[in-house]
Amino acid sequence: AQENKIIILATTTSVQDTGLLDVLLEKFTTETGYTVKPIAVGTGQAIKLGMNGEADILWVHSPDDEKKFVEEGYGISRTTFMHNDFVLLGPANDPAGVKTAKSITNAFKIISEKAVLFVSRGDQSGTHKKELKIWKIAERTPNKEKYVEVGQGMAATVRIADEKQAYCLADRSSYLSLKKNLSLTILFENDKNLLNLYSLIPVNTQKFSKVNEKGAKILLDFLLSAKTKEIVENFGREKYGQQLFFYDYEVKK
Amino acid sequence: MDFIFDGIKKAIELIFSLDRDILDILRVSLLVSISATAIAVLIGVPSGAIIAIKKFPLKKILISLINTGMGLPPVVIGLVISLFLFRNGPFGFLQWLYTVKGMILAQVIIALPIIIGLTVAAFQSVDKKMYLQIIALGANTSQSIIILLKEIRLSVLAAIIAGFGSIISEVGAVMMVGGNIKSQTRVLTTAIVLETNKGNFDFAIAIGLILLVMSFIVNLTLTYIQQKNRRD
Amino acid sequence: MIEINNLTLNLSKSFCLDIKSLHIQDKEIFSVIGPNGAGKTTLLNILSLFENPETGRVIIFGKDILKQNDVLSYRRRISYVFSRPYLFNNTVENNVAMPLRLRGKNSESKVNEMLKLFKIEDLKHNNALKLSQGQMHRVSLARAFVSEPELVFLDEPFLSLERLYKEQLMTEIRKIIKNRGITALFVSQDQNEALCLSDRIAVMKEGKILEIGTPEQVFTSPSSKEAADFIGIETVAEGIIFKKEDNLCSVRVKSKVIQVISELNVNEEVIVLIRPQDVVVSKHKEKTSARNVFKAIIIHIESWGLEYKVRLDCGFDLLAFITKQSMKSLKLKEKDEVFISFKATAIHLIKR
Amino acid sequence: MIEINNLTLNLSKSFCLDIKSLHIQDKEIFSVIGPNGAGKTTLLNILSLFENPETGRVIIFGKDILKQNDVLSYRRRISYVFSRPYLFNNTVENNVAMPLRLRGKNSESKVNEMLKLFKIEDLKHNNALKLSQGQMHRVSLARAFVSEPELVFLDEPFLSLERLYKEQLMTEIRKIIKNRGITALFVSQDQNEALCLSDRIAVMKEGKILEIGTPEQVFTSPSSKEAADFIGIETVAEGIIFKKEDNLCSVRVKSKVIQVISELNVNEEVIVLIRPQDVVVSKHKEKTSARNVFKAIIIHIESWGLEYKVRLDCGFDLLAFITKQSMKSLKLKEKDEVFISFKATAIHLIKR
Amino acid sequence: MDFIFDGIKKAIELIFSLDRDILDILRVSLLVSISATAIAVLIGVPSGAIIAIKKFPLKKILISLINTGMGLPPVVIGLVISLFLFRNGPFGFLQWLYTVKGMILAQVIIALPIIIGLTVAAFQSVDKKMYLQIIALGANTSQSIIILLKEIRLSVLAAIIAGFGSIISEVGAVMMVGGNIKSQTRVLTTAIVLETNKGNFDFAIAIGLILLVMSFIVNLTLTYIQQKNRRD
């Protein structure tokens, strides 16, 4: 049988929107001759594609879902290989006063108490899951009247928060790329609960015979290599003046 | 395949559960699509009639532009309308962004070229001699449009049906201008996108089915009006 | 009422309308007759502003209609019956009422009057698109007269009507037009229709007007062979019915009395039509069933196609066609005194 | 060719077509005449399967057309000229060629032949929608005959044609139909057209057939007053031209010779039409310009509306209308011997 | 507002830069939209004509269903087609998912109801007597459709223009079925969404403008064909 040269990568829009994916995949294709079809969709949808055997490998950022996915046998392994972080955005005048919060959980508590507008993605994405988790840790429920669930991607959510002069949680890379048209600023950052971890999960061939196991392995190897590390660590410096993603995987020499 | 059967099951469940969320979505959808269709028809049909009837320079170019408007990507319309309605945009003071009003505006703009373009074609298809007969009887412009409308009801209703179809199925612009805000501006199409993104394919199909049933009822009514008393 | 001067319109390589001058009087019934493609419909289209002439002036209601702005109010003063009228997908009644509604003055009684006149009362509630040809044409005539126009253009209005009704209708329409003081421009290829209806007639061919005149002038002495060929020739005289017994009418024509079978009434003014074919010329007065026998003087003899056309004076001008053989055997020549006869049943009367 | 039995169709409250029996022979030219709304067009619509009757059998080409499956090949054997024909947005030439193209056998020469016959060669390249009424009708006639149908239905085909051309065309069409062995069903409100064209005639009114017969039968002795009123009455006799001098034809009708002005040729078989109005009855033979004088016996006298209808035998059957006054003064009664005369120019000949 | 001027500037820059990415997007867009329109027309116009001409039971219901199809949300179509084309789905063996073929399929399905529905209306608007004249002349069904097509070219072209408009502007289904894969299945509309998500509004508008220009050229051609030789 002919070797399947096509790899389906199910990923999330946030990975695609920064442009990192394009850079990596171009390199991958020229090196290996494999064609990758990156399907950038919502986190939930990406995982669903994996659960149906419609993707060969996942690149997502929703740790709880990922663990469940691997536990249930849909994924072979889960490798958390890079991260960036989330930031809390809000109006520059910070009506709730979260700038001085001690932690992100504290900031969320303040938001809930001061009953300021908060815009949530509300789409079961990695970011949304993260937000829900923080609410949980903070032991608060958002103020119903002031909680706006938009059910859209990061860019739209930030945009709406900006228009409504509301608070919202966003990943840093999205914020940086949208920053030029925004009046919102970062009001809180750098908390351990704000880490945004990206993992790679090859889909289990045992469950789905049509999965391109070999291709997935090659792509996984490529993404977990020194070359990738270098690209990731340099990505975005030119455009945004800072590093967007931090590579965590210990590359073997 | 199973998704489709699951979808049907879920759709029935959803409707009979009288889930508040679903009811909200249905309410907003009906409000937006019916108002937008009504406004687009009230503006589009008379304009189309006048463009078809009157002679003026650059008429063909204008018709081409309108026809091009049928191919305006909703996302672009959504984007441009948003730019105008942004708080700092020229019409920010209206405070229409992320409201039902803004969504209706977007839908009207999307449906207008379709309704105008097809109405122009409908009026232009009228036998010239029928038109001459009408004005020979002493009709002024608006009277002749009304008389012609009765005679070509069939094609004008087709234009309206197509306009309604584009409105009810459109997602890009309402998503952008409305914001898909739960209980406020979430409509059937944006809910479908959301559920799809969440990976809830069966749920997405269920909402799709609800949309189709709603649109089928509207269309059945329009189609019966259209096909009634056909000239044959 | 209508003054047309130097009107030209080039419609195609082969057809150019070119009317030097055509003046139609107020309250006149004017007919334009001519063969297919003569330009009759084109003329009406220009007058109703559906076609734009290249040059020319058309004065109607005192204004140059080609230059006026208020086309609507002009159109509301006229009615134009198309040769192929369009009816609307609605009842006959509503079709007829349409011009009134458009003018914001509906009147059921006027509509009913028209329905009656055109014998379509019974079809009142029928869909106008589900009628026979002739019925449709009646609806369109009713629709044209209901709005009480000052000026009507009629393009072949009687074409699909049955003969008997047509003859009756022409008299009725003439009456309406005259009573209401309407000016009418009527177009037809049928010279008999024109004769019955009109005060004056123009003969048109290939976009040009060949003849204009009263029916008498046009029918008895067309100035061109083309026109004559088209219209045929008859004796046309004016008279009045002064006595009537059992439908045998006595009609005074100038100094003479002729007897005619007709249903018209005493004291009606009439046009008397006598076909030259029906006039018998003899040397002596004889006893026949022909009730009209007059002494006459031959004014002029002329070879006319297969026969001779003999112009006689028998108190009024009269034409007779006589075969060459008869001519020879009777040895007729100009200034001869002869007897002419024609039957009371062979004469056609038209009410004025 | 066509056998219609017990055909009924209820179109509206006021109209129901009801034809008990109508049989049309192979190669016959059959006319249906009748007033507006008689159901003439409806009949043709049923025969061309555009309208579905409620009951009845219609056998054409040996099959019940109401039950056959192959509608297309049936339609390709017939032609139907609508009273309001549709032309297509294309040249006259292409419009005429259409039936041939649809049958996959285009032929330029056939098209040209038709264009010539209907005098529209000059309009060949014109757009068919930019023609005058009459020109359009000619195109539709050309289009109907170009495909060499076996059966033609003609609905008022001559309506918008100018008189002179119409008369000529009727003779031509009769010739074509006869030469090609076509069966023709022709519909009109004009009894003269029917008379000129047809072998047999049916008179229709209110959906029913009142009369069927040869022109002679229908025109001379209609069995109902309604039919008679509609058609008018004439003497119709068959004859043959056996001599011709200078357009004065001698026509033998039974044992008699009558003299007629006509352009027809020697040896042609003709139908002779004499209007009862034109026949002069006198007690004695007299010298007049009327070339036809015969001794006759009065067979029957009957009051006929305003006049008397007198049936005479002068070697052939002849009708005369005589006023009541003439009747009195001449003291005519049945079995009287009289002289009748009519002018050579007052007779109409139709070629068979 | 500035975005719009920036967009225009950027659009001009983009086109003259002959950027490979943009050229790829243009190529795929043209390929997909033109093939989809062509296929939808070839299927839709004859079917519409036949539905309009033939008499059959439940005709009105069928027409209502088709009209409802005009309001099918592209996302639902995209989702359902994806479910069918998934490699584990019933038509997975075709390997059409995330390919141009799949996108064309989706677009055809979206445009078909519009083209069929409007074609039905166009054919039904024909004066019954014109149709009778055509069959009286001996035309079979396909011949009569061809003749009628010439006579009602104007409204059928309006149907085609509307179909093309829905195809060129559609994003939901191509996004889902095509996957918006760079250089392969990325088209103008999906690129606009991507750029909007990236916050590059000027870029999004620039691509939108390119799309409009392309669609205007196509429409200008179609409109000139439509308006040429009008029956008046």
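What to note about this one:
All chains are identified by letter, namely A, B, C, D and E, in their written order; residue positions are counted from 1 within each chain.
Everything that follows uses one rule, which is that a residue touches a chain if its C-beta (ideal position, glycine included) is under 8 Å from a C-beta of that chain, and two chains touch if they have at least 3 such contacts.
Treat the numbers as computed from the prediction; the structure is a model and nothing was measured.
Steps from subunit A to subunit C, minimised over paths through touching chains, total 2.
The minimum number of touch steps linking subunit A to subunit E comes to 1. Separating the centre of subunit B from that of subunit C, both taken as means of CA atoms, is a distance of 58 Å.
Centre-to-centre spacing of subunit A and subunit B amounts to 36 Å, using the average Cα coordinate of each chain.
Taking each chain's centre as the mean of its C-alpha atoms, subunit C lies 26 Å from subunit D. In subunit D, the residues that touch at least two other chains are 84.
Each of the following residues of subunit A touches two or more other chains: 156. The residues of subunit E that reach two or more other chains are 127, 196, 201, 231, listed in rising order.
Here the chains touching each other pair up as A-B, A-E, B-C, B-E, C-D, D-E. Against subunit A, in their complex, subunit E makes its touches with residues 86-88, 92, 98, 179-182, 184, 194, 196-199, 201.
Listing the residues of subunit B that touch subunit C in their complex gives 127, 129-130, 132-140, 143, 147, 150-151, 229, 231. Looking at the complex, you find that subunit B touches subunit E at residues 1, 3-4, 60-61, 63-65, 67-76, 79-80, 83-84, 89-90, 113-114, 117-118, 120-122, 124-125, 127-128, 152, 154-155, 157-158, 161-162, 164-172, 176, 188-189, 192-193, 196, 201, 204-205, 208, 211-212, 215-216, 219-220, 222-224, 226-227, 230-232. Touching subunit C in their complex are the following residues of subunit D: 11-12, 14, 34-38, 40-41, 83-84, 122-123, 126, 130-135, 138, 156, 159-165, 189-191, 229-230, 245-248, 259, 261, 263, 276-278, 280-284, 286-291, 306-307, 320-326, 330, 341, 343-346. Every residue of subunit D that touches subunit E in the complex is listed here, in rising order: 48, 50, 72, 75-76, 79-80, 82, 84-86, 88-89, 98-99, 102-103, 129, 143, 147.
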